[in-house]
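Once you scroll down, you'll see the structures, which are given as structure tokens.
Across the two complexes that follow, subunit A remains constant while its partner is subunit B and subsequently subunit C.
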Partner chain A sequence: MRTLDLDARPLQPSAAVRGQQRRSTLAAQVGGLWMRLWAGKPPGLFLALLGAAIGLSMAWPILYVVWRALWAGRARWLRLLDGRIPGLLWQTASITVTTTLLSVGIGVSLAWLVHRCDTPGRRVWRWLLAVPLMVPSYVGAVAYVMFLGPRGWLSTLLGRAPFNLYSFWGVLLVLTLFKFPYVFLIVGAALKRMNRSYEEAARSLGLGPWAIFWRVTVPFLQPAIGAGAILTALCTLSEFGVVALLRYNTFTSAIYYQMESYDRTAATVLSSVLMALTLAVLGIERLTRGRRRFHQTTNVTRRPDILRLGRWKHVALLWVLVVLALAVLLPLAVLTYWSVIGVAHGALDGRFWTFALNSIQVAGLAAVAAVVLALPVVYLRARHPSLPSVLIDKLSGSGYALPGVVVALGLIFLFNTYIPWLYNTAFLVVVAYLVRFLPQAMQYGGASLSQVSPRIDETARSLGYAPWRVLFSVIVPLILPGLLAGGALVFVSAIKELPATLILRPPGFDTLAVRVWVESSEAVYHMAAPAAVLIVLVSLLPLKWMLSRY
Partner chain B sequence: MVKLTSVFGLGLAPIVVVVLGVLLSGCAGGAAGETGGSGELVVYSARNERFVDALLEDFEADTGITVRALHAGGAAVNRIVEESRNVQADIFISNDVGALEYLRLGGYLQGYTPEGIETIDARYRAPDNAWFALSARTRVLMYNRDLITAEAMPKTIWALTDAQWAGQFAITRGGNGSMIAHVSALRHEWGNAKTAEWIAAVKANAGAIMQGHGDIRRAVGAGEVAFGLVNNYYYHQQLLEPTDNNVGVIYPDQGEGEMGAVVNAAGVAFVRDAPNADNARRFLDWILLPENQRAFSYASMEVPINPAIEAVGEAATLSDYRVHALPLSRLGEVYEDTRAFIERAGLDLELK
Partner chain C sequence: MQAIELWAVTKTYPGTAQPAVASLSLAVSQGALVTLLGPSGSGKTTVLRLIAGFERADAGEILLTDRRVSGPGAWVAPERRGVGMVFQDYALFPHLTVARNVGFGYRGPDQAERIREVLELVALTGYETRYPHELSGGQQQRVALARALARRPVVVLLDEPFSNLDAALRTHMRLELRRILKAAGATALLVSHDQADALAISDRIVVLKGGTIQQVGSPQEIYQRPANRFVATFVGQSNLLAGVVDNEGAAVITDLGVFACRHDHAYRPGERVYACIRPDSLEMVPELPASDDPVQGTILSLTYTGQALDAVVEVRTVDGSQQLLVRLPSAADVREGQVVALRVAPEAVALVGGG
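Our next item is the complex of A and B:
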């Protein structure tokens, strides 16, 4: 840009120079526009292009699905709108709403009991109740099939299945048991932050504990409850394993069967509707978040009182134990039981370790790539805040709320059509993980970077470091812990991922998650269980660190 | 700080490169690329992987060729169609002749004359041998002896529409490959109107509509329903179960002038533009060796097509009972159409 300014200074206005001058003015205008576009702080061209490339690559598969759906043809749209979509909408909406409501009920009550009441053992329950969130829901579903299914433990014991797990109620049970910790954790965190003065004021005005709970605590918790509910709803919308294993059809399972067995274009139509649903839920979040605000009086923050439950103590404890038994103890017991049988039957053979190695390879590659790719995106966002960097940030994060089946559908289309030499390789699985989980790496990288003062960059620049060198030898070392934490989270999420892996795995490349799916669909429980247990063990790794966050 | 800087500035980039390299090479090893692969064979299979894996391992041991298998179930056919411009599979193993012929009619297969093809009756292979069947399965009614006697059982497929059986039997969802082929055969025999009537009545009558035949055999064995419409080898499998094995079988429509039981077959196909065509030819030659034909049928307890190979255990051979007249390859013409037909008649392809 500096050179352009020099050129623009007219010395001898000959024709050639005048032409150059016009060009230069144009260049200067473009330069000015560029400057304004980046709100006065433009990044290097390379960084800008890199960020744009990452953002577009991450959003490409999803946008392509919408694009294909637009060209799916009137007849196909009408056929689906008439036949398939109304039923799917009802089934998806009903399970999403009920799961969310039930999760809120369980999550809020438990959070209240272990944070604000003298429930015995509450310190232990606080972290034990977060465990179900770490267990992938489809593993939970597998455990419940082994327990409550037509040929499960209880059914064998009673002679018949006590209730039909393959139904709306079965899906609701499993989803709620493994999603409620979202609400539990977020509401728990809000309760911990809550200032006692509000409740004291209420008490001094003569309200009883029950009235205080409903008229002070619940309104105060509303933003947290809302956030937990939105998260639960989004996860239910994109849930594939549970609904498919329990043979209940929502959009995700319908898309899976549609694309695999019949017509991929029709699957894009269903995917577009599902994306619209997801956006609607996100829209609700926006609306509700803006409405209510609560302010803490920061000068006097005292920890709230612990409510004495008296004789209700035992009821509270029972409630905690029932939920723990259903969501943690029972699945782990069933899985351990079948694992022991499986190991005795030689389930841990060479094949098993090949599957484990495959899982580790694709997840590890995705984690490393996520860390590397998150860096430019978060750096742009933090150091060059402007429309383009926000856009890049949003594009890179677009896979976050979207179901794995939709991402897989987009990728299988794109690679089969445009990048055939990479189609049907493990590379696609890695790309799918990136699209889905890069936002996690971005979140942690971004959080670390926000704690590094821009002054440090400026100082390094003033000492003569080139921008890229500032990034790699100053910034990266400082935010490395955050980047690595993000990478670790991506690794764990990728190990657990089911739908995209199932669709995109190349021939001869099964992962642990795929084996859990295949073996449990065939009702070979002793082969499904060891893989499931290994996934659960890996999934539990970030528990401690996850809890310290909330 | 200086130390850190130099460590990361100089050290990090190579570390990342090395890690990426190791992981990538690992991936490539596990899922080898499209490098023309002289030493590998890509198999798409729609059969249960338990019926196929041992056979493929034998092939690897005999030839030194690495087999990469995708057990895609019902998705295999659609995959092959979608990948026709970027062919991945060399061999397709299917349990439905309708699917095999459907692919051949669509131009997704290629002909080849493997050694030993003459052991397979011409009725059970494509004119250009692009596919050939190796084992046969028959649509039968399997029943629980504790709940119903052979005399009381319905003796024809049409009898399933009778209200007296309401709630007592199980069928699969409409999208099951064997179900589709069965309906195709019925359309050929009865015409569309009567077949649609049969579908609607059977759907209304069925006590349970299940995902697959494995579910049905376990449900019949456990006495959840009195009988079920399955392929005959599920009956033989259930007999081998340690419990819930008091089951019997009815081959339907065996009376004089009746249509006979509907037969389908499992077999292998040679995919057009297969990336490892030479290895695919070796596989087709290899699978026709008598011991491998035998292994192909026995894994699932089906009946070998080749009469020279004796049937497993007490399985009835094809010549023991009356068989429906439709040439199997005719199933391919209506493969796509029958699915839509089933859905129109009111039976969902997937469980809802």
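Our next item is the complex of A and C:
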């Protein structure tokens, strides 16, 4: 029989214990408030302060731009609102809307053809069609200038330019060719996830293939199409290289030229309007996403039927090939051609490798810093979910959707005013990369951390590990692959980045991206091409990760 | 000395009105194996997390071996409490081998020796270099237990230790868990929603509902003398019959008849109570003279469970009818619709409050 001393018994607490109130000293009140602020799970003070510092420094440049714009003065606001802004608004909005619509058309049709139809070679096209997204758009624009521009291949062949690239239509062509893969990838992923039972249910209810497409498949894809469209619109809004190279005026290029002419106050006003536009697009996204959310009812997915195209097969293949030729083959051919000429003329000299080294240095520094800074932010967000941690997360990620020119403008102001001894150093370029690309590192780090159960942290705590030791001996080893992938992505993004680099680099500090820009602006194609090819090669590195994500 | 003392501990989660644990007081003596038993939402896991230090109590005090770890002006972080935790999903570190998992919290110079010792205790010698994903569910649980025991904790807390195991393994692990905890001389507090697990393994059971204690007692006490209607129905099945205590206090008068009850109750003659009759305390009898006063009823349904034949019997009363659950021997020769006579086994009627 079990012995009596192995006991559990209810206790009768004295009235004193029952009535015990937390003494209402100031310290106790502050403590209580702190507890409530963090929803009962406060992090250590150091971690909280670190997170807050990261969030504020990431958001500061952007907020500062708005702040300066507010003090730009009524007269300047009115003059800009009357003069420049309406025209810019029209040009920006028209190119954004048309690019988005065209990208949706191309992206959805291609996704459908390579995922759900028996288009020949569809497995190869699935990943080849993602390639244009990896190539920075301004490199695409450079390639098209080399091909269709006044001194391009075709013009030389025909004796005159067949088509004015320096126009709305030229910008639309280049932007669409290099942005449509957003829609293509996201819709393709949705098609892959789609359970065939939905379409079978529709068929059993008496619908024909055409009716099924419009009444089941398209509504099912709507969230994916919407997400792809929003992403395309955001990228077009913040696009600088293409519009500036093709001398089309949108907000980003206008801000850039305003800064070049040292009218920074006007630049802040234009930046504020551009940010408002970006927020409006994000608002649309929030609205549509909130209403339409589909959940698959089961995890059992059976791959949908492949539609037999019959003789339309050849038309489908032709469409895929045309897009591939224009978006991948042609740009690569032109760039390779000029690179060969460039190399023959000694383009790969010491200067070239200096540029490459500069690129690697600033991008590498930004990548390492992004990994280090992302860790506390994602840890706070995942393990101490509360208002402050959400705020820190949002602030740290505020540079995500914003154009590089705006970030650069904010940094110029800040460093000029408060930290002038760092102004005109490569450090500013690194900071700009951090503001823009920290969210990428946060995304990867956060995704890996969400795979680690909080019970793991708690177990380590109960085994005698203080919070910071838990972080370094358990959490970091577990999420290291995700952190490194995020860092690699930041590195590649930083290598590709053009506007912030262009604006913030100290004199004489050229990177590969800057060289592509400068040489192609001056139509020295054989000098621009090798740097562009090198950027493309680096950009293609994360293709494998990208495809496995979507 | 008490290993765990909770004094009027209250915890309300942010954003909820009802406290998860409401002014709960409990003492667990050293070396005891105690189960917190309750339905989901009864606050049992919260009690565990409060003791471990993963949640902070709003009021009250928590003492571990006479050390105040939580209370007004006192807070000891989880890592300084010396509490061993075994989670429902085991939470083994996936990047460490079994040996390194077990040695994670034990940093003494004799670490290797201690790892060997506890692995032997949980019968996993030879698995040192395996990784968690290479182990079965039962083995993972042993590793989690070994890891918690390695640093000789003041108290081991186990959250739903059997819920991730299949039925066959479950019965085996109950015995194993008890053997291991007793061999380690550990004080253990378990959380379970399964009364069979609780009855089988515990020295004492604490029944919880709505964040308050319903009853504390040995498994026999809980089963044979439930403190209230909730305990009577939650721990095992019960037939509850409304009635009144007779003049001597030795029987209860119900619509179905007068039943002799246990004598160790605290109800006064004439008090309204419920007679709690377990399905296995009812037995079928051949028709007897009317004086013996068996309960007669019609079998509504029969469920064959292997060990027994569970019958629902409808009994006519003065103003209507009442259904009784009766556990018959599995070989009983009965059929639905048959009229049977039932008798209550002597000393098998417990009284619970009429509230």
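We take it that the second predicted complex is superposed on the first by the 520 of 550 C-alpha atoms of A that agree within 3 Å, B and C clash if a C-alpha of one lies under 4 Å from a C-alpha of the other, contacts with A are read in each partner's own complex, and residues count from 1 in each chain.
Quick note on the criterion: contacts are C-beta pairs under 8 Å (C-beta built on N, C-alpha and C of every residue); 3 or more make two chains touch, one makes a residue touch a chain.
Computed from a predicted structure; not experimentally measured.
Peer 1: On the A-aligned overlay, A:L463 touches which partner chain: subunit B = first, subunit C = second, or both, or neither?
Peer 2: Touch partner of A:L463: subunit C, not subunit B.
Peer 1: When the two structures are overlaid on chain A, which partner does A:V66 contact: first (subunit B), second (subunit C), both, or neither?
Peer 2: A:V66 contacts neither subunit B nor subunit C.
Peer 1: After superposition on the shared chain, which partner residues are touched by A:L154: those of subunit B (first), subunit C (second), both, or neither?
Peer 2: After superposing on A, A:L154 lies clear of both subunit B and subunit C.
Peer 1: Quick one: classify A:P477 as touching subunit B (first), subunit C (second), both or neither.
Peer 2: Touch status of A:P477: both partners.
Peer 1: Would you sort A:L365 into first (subunit B), second (subunit C), both or neither based on which partner it touches?
Peer 2: Only subunit B; A:L365 stays clear of subunit C.
Peer 1: Touching A:A447, do we find subunit B (first), subunit C (second), both, or neither?
Peer 2: neither
Peer 1: Once the two complexes are aligned on chain A, which partner has more residues of subunit A within touching range, subunit B or subunit C?
Peer 2: Greater contact footprint in residues on subunit A: B.
Peer 1: What is the contact status of A:L540 with respect to subunit B (first) and subunit C (second): first, second, both, or neither?
Peer 2: neither
Peer 1: Starting from the residues of subunit A touching subunit B, keep only those that also touch subunit C in the other complex, and list them.
Peer 2: In the superposed arrangement, which is not itself an observed complex, subunit A uses residues 474, 477 for both subunit B and subunit C.
Peer 1: Please give the residue numbers of subunit B that touch subunit A in the complex, ascending.
Peer 2: 4-9, 12-13, 16, 19-20, 23-24, 26-27, 30-31, 33-34, 42-44, 48-50, 67-72, 74-75, 77-79, 82-83, 85-86, 88-89, 175, 211, 214, 218-219, 222, 224, 339, 349-352
Peer 1: If we count contacts the way the header does, which residues on subunit C are in touch with subunit A in the complex?
Peer 2: Touch list, subunit C to subunit A: 5-8, 13-15, 23, 25-29, 31-34, 52-56, 59-61, 72-73, 77-85, 87, 89, 91, 93-95, 104-105, 107, 147-148, 151, 203-204, 206, 213, 216, 218.
Peer 1: Within their complex, state which residues of subunit A touch subunit B.
Peer 2: Checking each residue of subunit A against subunit B gives 87, 91, 150-151, 160, 247, 249, 254, 257, 260-264, 354, 357-358, 361-362, 364-365, 368-369, 372, 416, 420-421, 423-427, 430, 469, 472-474, 476-477, 480, 505-509, 518, 522-523.
Peer 1: In the complex of these two chains, what residues of subunit A are touching subunit C?
Peer 2: 2, 5-13, 17-18, 20-23, 28, 35-36, 39-40, 453, 455-456, 458-466, 474, 477-478
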